[in-house]
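Each in structure tokens, the structures are laid out below.
Heads up, the next two complexes both have chain A, just with different partners, chain B and then chain C.
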Partner chain A sequence: MPMYGDLGNKLVQHAKRTQNLAHLPAYQTELVRAVTREVRDLDRDTKNLLEPFQGSFDPSADQATACTLLVNHLAMRRNKRCLLAYHRTRTDKLEELVWNGVDVLDLAGQQAGGANGAGVADGGAGGSSSLSPQEEDYFRQYGDLLAAYKGQWTDIDLTGSLEPPRDLFIDVRVLKDAGEIQTEYGAINLTKNSQFYVRQGDVDRLIAQGYLMKLG
Partner chain B sequence: MDIDDILREVDPTFHAVPQEKRDLQDLTRAWVAERSAPELLPWPANGLFERINDAIKRQIEKVEEMTGDMDPKTNFALIVIQTELERYRYLVRSFLRARLAKIDRHALHYLSTDALRARLSDVELAYATRHQALLHNHYLSSFLSAFPANLQNLNDTAGGMSMIDAPDLETAVFIRLLKDTVVAGRGVDSDADVDGRESDIMILRWSDAKPLVEAGSAELV
Partner chain C sequence: MSYYDIDSILTDAEKIPCTFQLDVPDLGYLDNTPTQPLKSGTKVGLPLWLAEMLAIANTGDVEGKSFVSFDLPRALGNDVLQALKADPRAVPLRDQSAHFYALATRMMELSEEQELPAVLRRTFVTRASEIALHARKVGGVGHSKGKGAAEEGSNLGIGGAGDEFLRGLDEWERNLFRKAHDGAKAGKEWMEGVKKH
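Up next, the complex of A and B:
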């Protein structure tokens, strides 16, 4: 029988790995379920152990049982921590994606078309989503929340670049066809491999989304 | 009297500069302080951000007005104004994002007491509350709901260990003294009091620097 906490440890390792990845690996449904099950089993054991005492358990009278209870207690809490850490790491990642302007539909699209670049799709997942259904919900809700917060600051593009602006205008090269954009100086047609001298504020989003590359 | 008044008092140029310029100074100061302090600082309460928002709005309108003009002189002015506008926006954006990052990291901590909640602006408070609710819901639907009832909380403090993570107040910060004052710092082996002079720059623990900053004797750099 595996040790208590082995599975939780695996989750934490997954979380650690996720931190350094550009994309979000597949959600470990099985592992999460197994760790949760372990917690439930431990809780049941604890209840069974305590049952004969009818609430009058004296730890110093029965040290062996007390020890088992303590280990169970700690193992449950540890598993909870592992689960929280795993999910928090992933939601942090999801939030980052929301900030970068990635769309739920984009996510689905990238998954269908195989992983590329900063996408969330896990290449080996074979078209199935690397997010759990709950995570998809979360992603959507956080997007709404962020939109609501941003709505308070309409004149400042909160998701804009966090690099201090040096020049009003910058040179950009188009990496992917992005269609036509409207600027104060008229429309620009962004076709692949062309180069433009544009106002930074107009193209921040496109740079963040990987359509354009800043030069110089 | 709050810290901004004090900061303004120690600022020798206070009476000479117009409101807009002072706002920009305040904003820049708030921005520098927020980015260097390990914990969330109180939201600037004196209507600073309302004024800044108005100023940004006015400049945007001006830019729109001037865009139609083809006169090269206006064009040059336009570029100057736009550059200034972008920088203004950057300051506000970076300031807000720095705050949000801190709030996200320790949401439960900042929501836990009224004193801490008071540091957030109304909008931030709404954001933090909602965000925390979303997270809790997400945990619940992902795994917590299958847990025994006594383990479903996110803010347990049982067993001498709090689940609420708080920012590390012992992190080192740099401060610049705004007036001569005694700086008391706690060290690893021994504590030391240093006679500080105006415009001295020091590095010390935030928990030691905080009273000085709040009293207006020092600012974060």
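Up next, the complex of A and C:
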């Protein structure tokens, strides 16, 4: 028999699994909706229970009602905690992805690729993205925030690799067309399958985004 | 333990055996009978987030009794404690509860069980050293130092039993294992990096 808080618990179990994954699984639109609906139902029950008392409810005079009210209140509080923790786990992950230089379009593409398999089984929104519309907003705005913060320093890349480079110049192969980039030594046109000998600092981000592959 | 801590929230979902101390007409659903009132004396398993507050809330009753009384969950029952006293390493804690220690800590705040803290402390210390041992072996640190076939052989010998022990770790112990293992591995990698340059 389902019990108040069961759905919220399911949501937290999703969050637990998310913590150990490299990618972000589909947003549980249905489950989130069901939990908020449960809170609304509980709130309505509570109002109905209190109505006959006209604002002068005495818990010690009617303990059974007091107990029901307490159970309702605790269930609502529990659901709130589950909802907040679920979303917080996901926004933590989103922030991590922003710092890693992942593109929001890449996230959408990744989900579309898996949509005919695990994506659908996950019971997500059925859209092309594993993010809710609000999460996409959050992702974009956090990205803007980070870019503005990074913009204060032109001579250091805050999201750059922490590994000291072995060589200043490296060989790279182009995996996806990335258009033309400007370097200190002039413009390079990055077309698929071509190879270049470039300064590592110029292409770090393109490597992280999967446009280029480091050779050797 | 933060409000947003996932493991803490999951610990809160563990069921505790409770007995209602009063009749509540609207809570029949807790005992699978939504149409009937919940009678005083009914035993139901309630999640910790519900049981805790119902057990400590002040009902306004003159005798100061609460809505429910509770017992220790089976994971902390006498059978388990006796087994832990005999040999902490032989008990798969995870089968009792995935959040065994977290649950136990919460229950100790509510219950006056005298023996529990000491048994748990000894359990953790004994198992922690066993965990550290396994974490190092998986990291292969002993082998890389070239101590020879004898040590490697003993690794293989207890491999099966070791797997079983690791499967029985609760969530907290798993974290400990992961940290010990990653630490040993990172240390090894650093040492190898030093040699190269």
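Simple rule for what comes next: the second predicted complex is superposed on the first by the 142 of 216 C-alpha atoms of A that agree within 3 Å, B and C clash if a C-alpha of one lies under 4 Å from a C-alpha of the other, contacts with A are read in each partner's own complex, and residues count from 1 in each chain.
The rule we apply is simple: a residue touches a chain if its C-beta (ideal position, glycine included) is under 8 Å from a C-beta of that chain, and two chains touch if they have at least 3 such contacts.
The shown structure was predicted, so the numbers you read here are calculated from the model rather than taken from an experiment.
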Taking the superposition on A as described, I'd like to know which of chain B and chain C A:156 touches: first, second, both or neither.
first
Thinking of the overlay built on chain A, is A:39 touched by chain B (first), by chain C (second), by both, or by neither?
first
Return first, second, both or neither, reflecting whether A:165 touches chain B, chain C, both chains, or no partner chain.
first
With both complexes superposed on chain A, which partner does A:84 reach: first (chain B), second (chain C), both or neither?
both
Mind working out whether A:53 is in touch with chain B, chain C, both or neither, as first, second, both or neither?
neither
Given the touch rule stated above, what does A:132 touch, chain B (first), chain C (second), both, or neither?
first
Classify the contacts of A:142 with the two partner chains as first (chain B alone), second (chain C alone), both, or neither.
first
Would you check which partner chain A:9 touches, where first means chain B only, second means chain C only, and both and neither mean what they say?
second
Going through chain A, the residues touched by chain B and also by chain C turn out to be 84, 88
Using the touch definition from the top, list the residues of chain B that touch chain A in their complex.
53, 56-57, 60, 67, 79, 82-83, 86-87, 89-90, 92-94, 96-97, 100, 104, 123, 126-127, 130-131, 134-135, 137-139, 141-144, 146-148, 151, 154, 159
In the complex formed with chain A, which residues of chain C make contact?
3-7, 9-10, 12-13, 22-27, 29-30, 32, 47, 49-50, 53-54, 57, 59-61, 67
Where on chain A is chain C touching in the complex?
1, 3, 5, 9, 12-13, 15-16, 19, 49, 58-60, 63-68, 70-71, 74-75, 78, 81-82, 84-85, 88-89
Residue ranges of chain A in contact with chain B within the complex
32, 35-36, 39-40, 43, 76-77, 80, 83-84, 87-88, 91, 95, 132, 134-135, 137-138, 141-142, 145, 148-149, 152-153, 155-158, 160-162, 164-165, 167-168, 184, 199-201
